[in-house]
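Next, two complexes with subunit A in common: one pairs it with subunit B, the other with subunit C.
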Partner chain A sequence: MSDLKEQILKIYPDAVFEEGECLQVNVAEKDWFAVAGSLKNELGFDVLSALVGMDWGESLGVMYYLTSTSRQWTVIAVKVMAESRDDAYIHSVSSLWKVANFQEREAYDMFGIKFIGHPDMRRFFLRNDWVGHPLRKDYDADPALNPIRMDDETNEDETRSFSLDADGKVVENPGKVFEENEYVVNIGPQHPSTHGVMRFRASLDGETVKKVDVVSGYIHRGIEKLTEKMTYPQILHFTDRMDYMSAHQNRHCLCMCIEKALGLEVPRRAQVIRTMMDELMRISSHLLSFGCTAMDLGATTAFFYGFREREMVLDIFEKTCGARMSMNYNVIGGVIADLHPDFQKDVKELIRIMPERLKEYHTVFSGNVIAKNRLVGVGHLSKEDAVNYAITGPSGRGSNWSCDCRKKHPYAVYNEVEFDEILLDGCDSYARYMVRMKEIEQSCRILEQLVDNIPEGDIRAQVPKIIKLPAGRWYQQVEASRGTFGVYIESTGDKNPYRVHFQSPCFNLVGVMDLTCSGYMIADLITIGAALDFVIPDIDR
Partner chain B sequence: MGIDRIKSMPREEFKNNDYIDRLVEELNATGANVMVGKFDELINWGVANSLWPLCFGTSCCAIEFMSLGAARYDMARFGFEVARNSPRQADYIMVQGTIVHRMAPVVRRLYEQLAEPKYVIACGGCAVSGGPFKNSYCVVPGVDQILPVDVFIPGCPPRPEAMFYGLMQLQRKIKVQKFFGGVNRKEKIEEFFAEHPEEKGQIG
Partner chain C sequence: MFDFGKWTSAFNDLLLGTGMADWLAVLIECVIIAVLILGVYTVLALFYILYERKLCAWFQCRLGPMRVGRWGLLQVFADMFKILIKELISLKGTDRFLFKLAPYLIITSSVVMLACLPWGNGLQIIDWNIGIFFVLAVSSVGVLGILLAGWSSNNKYTLIGAMRSGAQMVSYEISLGLAIMTIVVMAGTMDISKLVLEQADGWFIFKGHIPAIIAFLVYVIAATAETNRGPFDLPEAEHELTAGYHTEYSGIHFGFFYLAEYLNLFIVSGIASLMFLGGWMPLHVPGWDGFNMVMNWIPSPVWFLLKAFFISFVIIWFKWTFPRVRIDQMLAFEWKYLMPFSLANLLLMTVCVALGWHF
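Here is the complex of A and B:
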């Protein structure tokens, strides 16, 4: 770490370091863009893992979490504070890390931080006539200011960028999302193949897509604001309702983040149970993804096949957790209830039948000429783009990027089990689809190793009745079904968090829709979306 | 009175539903001429057994609704099978998931695009009352703020069996509906929109 400190001091002599769980560098706003460029190009921090807007009272700012793939996935935090609160601005890094494009728009929406040099500074989640920025601590939540508006939004095509003039004042430059004579087709928000309520506006040249504009926020529920008024055990249930297909992993992540802050040791039995539940969830998610991809292509039968096996997983969940979905199983310090007596028998049965069922899927769908024509060579995403857009999970691994958090930052008992990280170099929709199918096999492999080796013992550690985190900030990542899921918690020592941010994998996935769809047919937009497999409540939160 | 009978489920198995009982009473008290009554019964029988939903899922409940369509629960048994993607072809909108401010005008428009007779089911805690997100700055606290809801199905998400129960309640409600000789349903929709006018461009 001291080595890294010296290297950072070499590129930025004014750096102020802060101790925390990972190295934190405080950078002055006026130097930030140059420092960011050096961090990326000279020190190899090529992945922007998270961008967290912050309101520190005296000023607004942003926490950046940067990961370096060339340095064994070392994570550093960078804190940048705007110079004034009233007209807060920070230089945009969206030209360095493309993933920052949408994330900066989110921070602008939630905090009103203007990002200088960002090409398209529109609101991301809220209506463009919304009054105020909700995550600021001085937000006025009076419903009279923002009633339920029943009229349509206007001025959808208008955008703006911000620049600094010679005196250092922020200047607004109006712009347009689409040119005057472009042919724009609206898809969503109520569309069966957008996997939820996502809205795309695609400009077309004949049948070829030229540009896709993502309009999000049709299920933005304001979870991050809600958490600030709740205690830590109360915020756990939100994670089950964000990416409901990664409920266990998301909740696992939040629990781990809180446990890390408390310095709590989780009993081994709970660790094993959590790992098994995560893998079962992954199987169920990939099966749903298989079914939905097939159904989007018109293969309704394959959908029934996928759901047939998914019901087996849901039965296992139901017996142990008491619910088919929104299981609410992980709690701070362990899990809420012990395993059902049938658990091992049911898991073994699932592992037994899966290989033969997967073969069936491949016969029915994967090898089908229609499926291949629609998926092979469609939606090209190169490895460089995957890194730059921080596309993790099966979609990133379909572009041959080794990004599995279970291997890079092992947690629970993942360092004790053997499994392969599936990497395919197709870089297309078919590769993403095949990674998922092969990951089901690997999940079964993990389950097979653990099912007979569940240790006896406690299922939960002793936790204090009132959970208060010490002052500080923590960032925790896990591998959810769709990629790396991150939780950021900042605490002031109170029983409520000061700020919670969820860095969801789907948020990044939807960021490449423009890149992957451009140049392909409008009909391919559906299959590209299906193969990327985003879940909308995970994006909007 | 067998007018609210559902095939394969005896009346006693339903929990008491005052609302439907009142409608039945009203129907019995006012009476109808034989021809009109028979026509009503015929139409209601047809409508109740071929309810086509509009695919409108915003979150978790939509996944459970997909399970409803898959082989294990198989909603085709009840005539609910053909989930339509266009509101013009659907009979009811089942709001599955949270409705947020940005979505509210879209839901209202989808509802207006449904052809009569049309019904609304609020499915899951979020659609019923805002659920766990009730206190959020941009969540509509219950879809009944913007649409006239016929059936509420609680749960987070409701089990598929609960969804069936809710759908059967809708069938019962349809079976006591009058089409000829005085419509008893459309008036209620008009009442709702009189209470929730749209001219101001906002509700609440």
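Here is the complex of A and C:
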């Protein structure tokens, strides 16, 4: 770590380091853009893992979590504070890390931080005419300010960018999202194939897509705001309601983050159970993804085949957790209930039938010439773009980017089990789809190794009655079904968090919709979306 | 085989026997036939809806409708009444006249085609020397209805759906026509009743061997595309265009599109059975007199319907198995492969006929 410190001091002598779980560098706003460039190009921090808007009272700012793929996935935190609270601005890094494009729009939406040089500084979740920035501590939540508006947004084609003039004042430059005479088709918010309440505005030339504009926030629930008023055990259930197809992994991540802050040792039995549940969840998610991809291509029958097997996983969840969705199973220190007596039998049955069923899927769907024509070579996403847009999970691995958090930062018992990280170099929808199908096999492999080796013991550790985290900030990542899921907690030592941020993989996935869909046909937009496999509640936290 | 023509001519004699004028008798007959056609149309549509729903349920490890009536048999009637009493919503910015005209154009073209089918021995409604040509001509009117529906709705989805539909139907009509032409070359007639009678000593698919079998395959593919069914259901493409050209329709106007879709499925199956599988002709094997006798006892309309249902089954099977193709792939398939192939096949058939190589 000291080695890294020296290197950072070399590129930025004014760096102030703060001790924490990982190296934290405080950078002054005026130097930030140059430092960011050096961090990326000279020190190899090529992935922007998380961008967390912050309100520290005296000023607003942003926490950046940077990962370097060339340094064994070392993570550093960078703290940048805006110079003033009113009219706060920070230089945009969206030209360095493309993933920051939507992340900065979210931070602007929630905190009102203007990102200088960002090409498209619109609100991301809220309406254009929303008054105030909800995650600021001085936000006025009076319903009279923001009534339920019955009229449409009038200026949805207008955007702007901010720049600094010679006196260091922020200047607004208007821009347009679409040209006047473009043929813009709405895909969503109510549409059979957006997998939820999502809206894409696609500008078409005949049947060819020219540009896709993502309009999000239709089901935004303000989870991050809600958590600030709740105690730690109370915020757990939100994670099951974000990416409901990664409920166990997400909740696992939040619990791990809190356990890390508390310094809590989780019993081994709970660790194994958590790992198994994560993998079952992954199987269930990938089966749903298989079904939806088939469905979006019009192969409705294959969809039912996927759901037939998914039902078995849900039955396993129901027996142990008491619910088929929103399981609420992980708790701080372990899991809430012991395994059902049938658990091992059911899991073994699932592992037994899966290979045969996967073969059936390939016969019915993946081997079909029409399906191949629709998926192969469609939605090209190069490895460089996948890294730059931080596309993790099966979609990133379909672009041959080795980004599996279970291998890079092993947690629970993942370092004790054998499994392969599936990498395909197709860079297209078919590769992403096939990675998922092969990951089902790997998940079965993990389950097979663990199912007979569940140790006896406690299912959760002793935790204090009132959970108070020490002051500090923590960032924890896990491999959810759709990519790397991160939880950021900042605490002031109180029993409720000062700030919680969820870094969801699907948020990054919609970020590449424009890149992957442009130049393909409108029918491909649907299949690209299906193969990227985003879940809307995960975007609209 | 029992000749149903006896009944119809007996009825005609009965009317004339009352001393009424010729034109009046014809008028009364026409009205009765029209009512019968519409009745058959509705019953067949209801049957097809249930048929497809049950078949697709079985493909998908489901039971399908089970609640209304035994095995859900009455479900379609419930659906029909629901659709009849629904409000006809008219939207702002639509072309009112064309918007309302479109469903009637579609339903008219499919009713007329239905009337051309050879229902049984002597049960031919429209029968003249250009019969099959007339069917092809009428089928093209349907595409006009789809185009108008898509255009007049003033909706981007419907417009894309209609344009796709137009491109698709115009393209695949060529292969469809060429496949039918292949058989016409062999039969030497376009008259529907003569086409059936020609097959008394063997169905065309057997008589015309290789070129006829190729024409049959081409026909089934082109017919699937003509009826806008999967894998060629791009004009509706539920997952891209919500419901394609009929997105904005409600109530019975939507019902017309829905009925026409199912009836077109029956009609293309009926034409396939007419052109390749002998229409209402029973299956005869030369030399097996006992077998042929038994086959003759089965009434001719049953033969016709069973053959049509069988081909519909195949087309439904396509739909519930294959993913949807993309517009460029679909057009490339037609213009680059299917059409040249069927042209070559037509040539092959002509050579076969000229040299007498068919049975």
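Everything that follows uses one rule, which is that the second predicted complex is superposed on the first by the 541 of 541 C-alpha atoms of A that agree within 3 Å, B and C clash if a C-alpha of one lies under 4 Å from a C-alpha of the other, contacts with A are read in each partner's own complex, and residues count from 1 in each chain.
Heads up, the rule we're going with is that a contact is a pair of C-beta atoms (placed from the backbone, for glycine too) under 8 Å apart; a residue touches a chain by one contact, two chains touch by 3 or more.
Note that the structure is a prediction, hence the values are computed from the model and not measured.
When the shared chain is aligned, subunit B and subunit C each come close enough to touch A:H191. With both complexes placed on chain A, subunit A has more residues touched by B than by the other of subunit B and subunit C.
Of the two partner chains placed by the overlay, neither subunit B nor subunit C lies in contact with A:D278. Of the two partner chains, subunit B is the only one that A:L126 touches; subunit C does not reach it. With both structures placed on the common chain, the touch criterion links A:V364 to subunit C but leaves subunit B unconnected.
Once the two complexes are laid over each other on the shared chain, residue contacts for A:A299 go to subunit C alone; subunit B is not touched. Judged by the touch definition given at the top, the superposed model places A:G217 against subunit B, while subunit C stays out of reach. Once the two complexes are overlaid on the shared chain, A:S326 sits against subunit B while remaining clear of subunit C. Of the two partner chains placed by the overlay, only subunit C lies in contact with A:Y183; subunit B stays clear of it. Of the two partner chains placed by the overlay, only subunit C lies in contact with A:D524; subunit B stays clear of it. The residues of subunit A shared by its contacts with subunit B and with subunit C are 191-192, 304, 308. Taken together, the subunit A residues at the contact with subunit B in this complex read 125-127, 134, 139, 141, 143, 146-153, 189-192, 196-197, 217-223, 225-226, 229, 237-238, 241, 244-245, 288, 303-304, 307-308, 310-311, 314, 324-326, 536-537.
On the side of subunit B, the complex with subunit A involves touching residues 55-60, 62-64, 66-67, 70-72, 83, 85, 97-98, 100-106, 108, 110, 132-133, 135-140, 145-146, 156-157, 159, 198, 201-204. Within the complex formed with subunit A, the subunit C residues making contact are 56, 59-62, 156-157, 160, 164, 230-231, 233-234, 237-240, 242, 320-329.
Looking at the complex, you find that subunit A touches subunit C at residues 183, 185-186, 191-193, 207, 294-301, 304-305, 308, 364-365, 368, 370-371, 373-374, 521-526.
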